[in-house]
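These are the structures, in structure tokens.
Both complexes shown next keep chain A, but they swap its partner, so chain B is in the first and chain C is in the second.
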Partner chain A sequence: MAARILAVFLLLFLSAAPLGSSLYEDQVGLMDWHQKYIGKVKHAVFHTQRSGRKRVVVSTEENVIASLDLRHGDIFWRRVLGANDVVDAIDVALGKFVITLSSDGSTIRAWNLPDGLMVWETFIRGSKSSKSLLLSGTNSKVDKDNTILAFGEGCLVAVSSADGEVLWKKDFADASFEVQQIIQSPGRDVVYVLGFVGSSSFDAYQINGKNGEVMHHDTASFAGGFSGNTLLVSDDVLVALDAAMSHLITISFQGGGLSINEKPISNLVGDFAGPVEILALKLGRMFALKANKLITFISISNDGKLDVLEKINSAAAISDALSVSDGRHAVGLVQQVDNKVEFTVKLGNDWNTNLLKETINMDHQRGFVRKVFINNYIRTDRSHGFRALVVMEDHSLLLVQQGEIVWGREDGLASILDVTTSELPVEKDGVSVSKVEQNLFEWLKGHILKLKGTLMLASPEDMVVIQGMRLKSSEKSKMTRDHNGFRKLLIVLTRGGKLFALHTGDGRIIWSRLLESLRKSEACEHPTGLRIYTWQVPHHHAMDENPSVLVVGRCQQNLDAPGILSFVDAYTGSEIKSVGPVHSVLQVIPLPFTDSTEQRLHLLIDAKQRVHLYPRSREALSIFQQERSNIYWYSVEADKSIIRGYAIKRTCVHEDAGDYCFEPRDLWSVVFPGKSEKIVSTVTQKLNEVVHTQAKVMAEQELMYKYISKNLLFVATASPKASHEIGSAIPDESFLVVYLIDTITGRILQRMTHQGCQAPVHAVFSENWVVYHYFNLRAHRYEMSVIEIYDQSRADNKDVLKLVVGKHNLTSPTSSYSRPEVVAKSQSYFFTHSVKAITVTLTAKGITSKQLLIGTISDQVLALDKRYLDPRRSLNPSQAEKEEGVIPLTDSLPIIPQSYVTHALKVEGLRGIVTVPAKLESTTLVFSYGVDIFFTRLAPSRTYDSLTEDFSYALLLITIVALIAAIFVTWVWSERKELQEKWR
Partner chain B sequence: MDCKSGAGAKGFGLLGKISDVKVILNGGQKVTFLRPDGYFSFYNVPAGTHLIEVAAIGYFFSPVRVDVSARNPGKVQAALTENRRGLIELVLEPLREEQYYEIREPFSIMSVVKSPMGLMMGFMLIVVFLMPKLVENMDPEEMRRAQEEMRSQGVPSLSSLLPSAARN
Partner chain C sequence: MGFGRRWAVEFTDASAAPSSRDVPDPPGFTRASQDQDDSSVSRQKKDAEANWKSQKAWEVAQAPFKNLMMMGFMMWMAGSTVHLFSIGITFSALWQPISALQGVGKVFEPYKDSKVDLLAPKLLFIALNLGGLALGVWKLNTLGLLPTHASDWVSSLPPAQEVEYSGGGIPLH
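Our next item is the complex of A and B:
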């Protein structure tokens, strides 16, 4: 009771506090950390010719172009392109521009190599989609005119690399002509465009490199048909596979006319099964063939004979050829041998000699080598040295040189799929006293410095020391649980199938593990991780047990693909157990029950809406059987515009694990008119949210009861035209309808229509309110609306007399089946920015006022106080309302720069924001991820329950000392005075 | 349909950070960057009403409503959505600079005095220096009685003086 009164007082006190929290510049890095990543590297171009900064330019699967320091792996600059702007090729032109071809070959951009400024941009508009190829002048060594040849959208374009001007354009408009290769002959300014027409005919165009005119056109047909890619083996020979994937086809096209030869693959590699792939080496008359789990290197002699050079294990990556001095070419090979990696560099024309052979110890948590890029340098003794940039299975990037890993980047963290947290272990031994005494002097010195800082007496050098001390504070990066619950482990699942545990104090990686069950295997061809859940949190008396997490994955992209489950120890990262491939996984429902070992019961729903119970133990089953009648769930079929509700019918009939599998019973369905409404967004409350007060005290002593139900679903539907992107619909034909649906009964509690509005809808549901963001076409601005729902059936409990006498219905159980009498209040406001993600702060007890965390289009996270989204805001709030903290109505929501939680940083490519309550009620932990990751601690109503970071303990000490001194002085005085009195 | 426009980046001290500026069409449908001269372009923009946003750290740009005409190819109308001001040329200017940090106030005696500890000290001083004055102004009779009372209790303290002072 006392706590509650205290809470009320606190709330009253807080409502007077200024809105939002903000940061001083010297506090950056105290509570927050920011890490920059680039993603899995697709292409890399080294730039090491000149003395000075050695760098490598890379493009990644996250559409990032970045220039990295070759010495340390730091980012010099990086640009994050739009989500649809996939980079197809990169190159360096003129030694100062990075050329990128993106958006299926339709956009060519040049970036300044030193600083990443965009220099020019050229757009190719063709008639059809096609392969996109880039050929910059550097490779062909004809640097005089500096033209870049690009092929995209069915057009061949020559672009001046200095200013991006299109010199000439040749459109291969013939719909059936599929261009495969473009070659620029070194000497004669001739461009060869090679491709297939239909499936069985091969065409070669010779084009004048100066003006784009077709000089010659050859056609040859091949009965067996072609499949897939072609490879350029040299300037005049092309290799392809036939449609049946059983023959190798070599096509020589120069020297007048085309000649096609074929050879069975089995002659080269022996008997084989499964897919065949040809790998380019870009090396003099050589290529590689991947079949039978082996990579076979094959050379072609001048008369078209194929010779097998070497066969190696397929767990290897091959680099493109690199031209070493005087026309010799080298190729890099990286092979996996147990826990080690073998890096070999071979000469193209002399396959049997190795230029370099190094063995590198490699952490096996990085998996197999996926890609390798090599670069050479001249050693001091004038011999050739090689360095290799290696992309591993877990998306990490390593630079290998002289048998060592020079640097590594954990770029898997650029593609986080899901996040959960785990508490750290409890501290077992207390801090020894001697340690404290030893550091007493240091401690005192530090506090004197801090005091100087607060009194603004510190010199700039002192300030640097103070800042360093604050940042290094070992307190925040300890590996034990703290009293306030600020130190936790963030366990993140990445697209590469690797789990990372990050410390919330400083963001360092505690452990990382490539999950065996999420790796490619016979049973599971393309595994992907989906979600991560807290599986077991041992009781705090069981000190020797570690918590564990559940990772749910899927074997293929499609929804009905078999699922994979993996249980991982949260402290060590070791995989305790893995199950799978099992039934498909559509939904995972963590239940609010745990068994005797504190394992949480989870329900996994498969594609047939059958329920599978985990953990599979008798005990879990008996717990579940008791609660079976209270289990409800729903499914959203967005393509059919149907939402269905289910309950459990009986145990499965045709299933191996019969006891743990249950069949569904259809309860209800909400069918939206599919022709006029499409489901664009569904949101529910967070399962771990705590609601502190059921009632809300309004102005004039009025009481409103919140309608709080964990079973509410917010659904937004849009008219078909309004569900596409902005710019394609007009206001008259677009509308948005939002629903609040009870997922137990399927009853629609509230329905609202927004005319002239359209998707995308981003929503967040908390307590008894929903806030959603959408686009208003009439005003052509974004809008945010709030719906708050209140329970009317309890509204007459306001009478104090009734409460005292006990004639109230507050203790009667609330059921979804009782007809709810709810009132909804709603209001809309304009919001300036597009939104990428939206969430709400969660605190331990739910007392602290809430803030919305909005990830804006500029990749920043804005904290907006919920009080701005209060449906009771009016133009002239009454005095009572003002006292309560109701803000006068404005048509748009304010954007206060100080309330950006990311302050002057950007979380590039922002995708999600996660909030976790700390133990301290006032504080919540915020983790946002995208290409970058950012963590901070927020106090939505300031830290009212603890002293702030910049609290000066020294000042407190001085005050106490001064008080004690004063007591002594006054005591002496009074003694003396008393003595005088006595003498008188 | 092409839509070329100039961004008035010059004159705002933006040039140093121009590489950090992104121009975004329709909430992320297309993203482009500024050229060194401050121009940007979007290609293949169909006729209709579109929204351009600028992402630049340190500046607040209003989103811009852009109407691309279907009848007159290449004709473009633009207006700021924040204040509904029409733009004659599609030149984007930041509405204001954004300051992400609070400014620390310089040290002042008042802030120390106002802090809880300052108040405590102040109260202390008042008690130490003003109370004896109060005692001095007391009636000598009263004073003696109080002192006797004190002596009988044995502990000379200020706290036992306080209630008697208050009673007066």
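Our next item is the complex of A and C:
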């Protein structure tokens, strides 16, 4: 009897443990983590005067404006602008507003400095695109109503800094006038607008700063022509380069009239080759010229004489001049010396005086210094101290003060390009006994606390301790593989060319490496990373080797640029091998074969559609040769609206590594009518997706066979007008066509047209279904559609007896050439949100039901059950269908607030969502990235195969003990009673 | 003989061997009647016991019927959806007949008698238990737990392997 009670208790525990997919407040942070970043800093403005909180306001390449704490590097506040809203300039006005100029100079915004709330916003509507410039007049005294001068879209605008009101506007609509600089003379209310007309004429306008009227207009021509940017050296001198890049031009424009002087650059820097560049730095009567891989500092005297001050290595970063006191300027220089970084502050007026010279130990993995911003403070002994904000090659941000790195931010993680995962090492022989004994007391204490919590005896203080213990559980951040497969390494490739390995338990960086092959070199001028692939996953016979990943990059932006391959150890981050620059890389196809060392075979496709096999070993080649007749590939040429399929013809004729290179044979092509259809989106299944079953069982035990093929491509095309922004086309001229194409034979399995709908299309393909999201112009709403494909040719496999004895061909290999007959079912629904990314949960065996993960416009991740996107939904489902779980049809998909995976957080600038199966079938790991990164664990069908983390083992133990005690007591009782009976 | 021996005590129990009896029975005691009476009473007793045994055996054999009715009622109460209660009932409905069938010999052990024919009750017992088992199986089927549909066999089959393999897409950028 007791055993039965125990069993019932256990069952109750098990059934009560999984508590739905949403979280309780105290579960936040248990299995998820969130990290905030800002991206590579472009501009920085310090705000340290007399304010209690010392801060720096920065704008970044991810279009983020942020206020950072100078003491710790924490974010006070942060505003993420849209992807097209590039910040051109920032400044602090009136000591309380952050002024930003963005969107090519068309938007001026003021943000409240302490809390980042937007105070006002003003748009400039001009006629043409132009350089954008911002002058907020910080160097002048704080007036009551400071005006801000902004130049953008060919207009000069004076804006009141208090309320953003446009005081006056001057349109330089003349198409050929290219404005280069704007200067506001201090004291006098005169604004100078300087620019080129054509390539050889220089114009200067004097404008009344009060009302915007042109006071004076000068023009001067220069036969040699101008090129590149200009630089304002002081209030009245401008330097530029001539068209041939051989002469330096100085233009002085004040004191009535323009005077142009030229001087050969070779006189200044000596003989040089290659490009010359004037660095865009405000150094104060001085400028820096980059030529011959050297930076030359040149000063300009009042009478226009040029003097060379110093030449330094071009790997240095130079800050803008900072006015220190009584008209003196300080310039910060950061140079790389061996493994150390030298930070020097020089006086602008007296170049040979070093105000400061410090050497800082710098992590080699941060690369070169890219940018430096300096700020001064008064030391206790009344001397000047300097701090420098340093932006490194890997996009990290460091604050350097007194020869030390005060804090660092890994802001490279704000620009993740691609993600892959790696298993952690297997745990070696169990934990030593001494360690257990040492922790036994702690362990016991912890469990007693937890028990108190369970029995509701804990005081609020105890609860805090319990919560802390749960969050800091060492179990989740161990460096070994766990039974459930929750602990993994997330290996991310960032735009800075740095690889990071993050632990899924707590998000800490295990290792980071600036890839040597993705750094600028002689052979590779502008290397960029592209993708990251799992290269080697050792198991079984190669267990003692470390797993490795393949990083694919490209030397230039254009498609036919040479490629770079790098093989990186996933445990240590060391670069095992790098290849390159090699042939161009258009596509990488991981093949389903591995060699004896568990290295996965990869095919790299170059711009001529030849394939290159990696790894380049005889063994890999022989494996490939066996399978080569069954290997196909295709290319999607979106600009030409063509999809082409290829197979291997023969080994390359003119190629060094001929054996590993194969020439293509054209097999098929799908040509869309280019005038009416433009490819807007393609999607295939995930390579690592596991499908559990081929059958779909419906109500009344009816059976349908899914058409499961990895060789299917979903293509969405739109009419040319409908592929632009929403609103640019009327419903009648926009339509969307979706295709399902077999990539072996080029056969179109399904074609569907959505009239009056338009791009952008976001789609996800899994098992036998595709879900895609688009805009319906007629309904003025977003829609989501689902297509499910079923194999009709298998449908007659319904005889139970035959199936029992195994007389069927359901598991025999299939070929696309057998032209299976398919049927598709489809349904569409309205969906409220626009979508940034969409993906589907993947589990280890594919048994667990699926959820769609939708990155919404509000930068959150929404989990939507696939059951809502089921073509079998109808208005009145039958009883059997209801029992099966078919949801009655509604016109729109529900958005349940509890099903936001990111709960209260936002993944700012969301760009991608990656799901990785855990070893536990019910659970999948979700990593979403943008400017922020967020990781969590999901159980789409609840954790049916494990106890939840807050399951109280102590309570279970106590229950068992109590039951055993009860058994003994009742046994003794019954014995005694029996004896009494006998005596009676 | 006759000299040294005056008297002797015969310790052998005379009652057991009436033939060697030379002492007359005490008055009022008739050996024959007792013998006769004794045997008739025991026979009567034995008959009664056998009767009782067979009756009991029949009762035991019929006991599963009650059980069957009880089970049927419980099953009807449990409904046809799969949950803890209905599964518990169904499995006990299956388990009880099986365990009963396993212990058929034991159940009828006390009623074993040369004069009692246990075959018929046993057969009834087995039949009733088989009936109970059938009821359990039927319940299992109504719960949908028996693999009688094609879907039950196909669901466990892995998807077919594909001969060809392809990859590609829009050029990486």
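FYI, the second predicted complex is superposed on the first by the 926 of 984 C-alpha atoms of A that agree within 3 Å, B and C clash if a C-alpha of one lies under 4 Å from a C-alpha of the other, contacts with A are read in each partner's own complex, and residues count from 1 in each chain.
Going forward, contacts are C-beta pairs under 8 Å (C-beta built on N, C-alpha and C of every residue); 3 or more make two chains touch, one makes a residue touch a chain.
No experiment lies behind these values; they were computed from the predicted model shown.
Peer 1: Could you tell me if A:243 is touching chain B, chain C, both of them or neither one (first, second, both, neither)?
Peer 2: After superposition on chain A, A:243 lies in contact with neither partner.
Peer 1: State whether A:632 touches chain B only (first), chain C only (second), both chains, or neither.
Peer 2: second
Peer 1: Check whether A:592 is in contact with chain B, with chain C, with both or with neither, and answer first, second, both or neither.
Peer 2: second
Peer 1: Name the contact category of A:86: first (chain B only), second (chain C only), both, or neither.
Peer 2: neither
Peer 1: Would you sort A:582 into first (chain B), second (chain C), both or neither based on which partner it touches?
Peer 2: Neither: A:582 stays clear of chain B and chain C.
Peer 1: I'd like to know which partner A:406 touches here: chain B for first, chain C for second, both or neither.
Peer 2: In the superposition, A:406 touches no partner, neither chain B nor chain C.
Peer 1: Which of the two partners, first being chain B and second being chain C, lies in contact with A:906: first, second, both, or neither?
Peer 2: So A:906 only meets chain B here.
Peer 1: Under the contact definition given at the top, report the residues of chain A touching chain B in one complex and chain C in the other.
Peer 2: Shared contact residues on chain A: none.
Peer 1: Which residues of chain C touch chain A in the complex?
Peer 2: Against chain A, chain C makes touches at 84, 148-173.
Peer 1: Spell out the part of chain B that touches chain A in their complex, as residue ranges.
Peer 2: 18-19, 22, 24-36, 41, 43-46, 48-51, 53, 55-58, 60, 62-63, 65, 81-82, 98-104, 106-107, 115, 117, 120-121, 124, 128, 147, 156, 158
Peer 1: Note which residues of chain A are touching chain C in the complex, please.
Peer 2: Those in contact with chain C are residues 11, 15, 530-531, 552, 554, 559, 585-592, 603, 605, 627, 630-636, 638, 645, 682, 684, 691-695, 697, 701-703, 705-706, 708-711, 713, 743-744, 797-800, 803-804, 810-817.
Peer 1: Within the complex, which stretch of chain A touches chain B?
Peer 2: Spelled out, the residues of chain A in touch with chain B are 22-26, 28, 77, 79, 81-85, 106-107, 109, 115-121, 123, 125, 454-457, 725-728, 730, 760, 775, 777, 779-782, 832-834, 836, 857-860, 892, 895, 897-898, 900, 903-904, 906, 955-956, 959, 962-963, 966, 970, 974, 978, 981.
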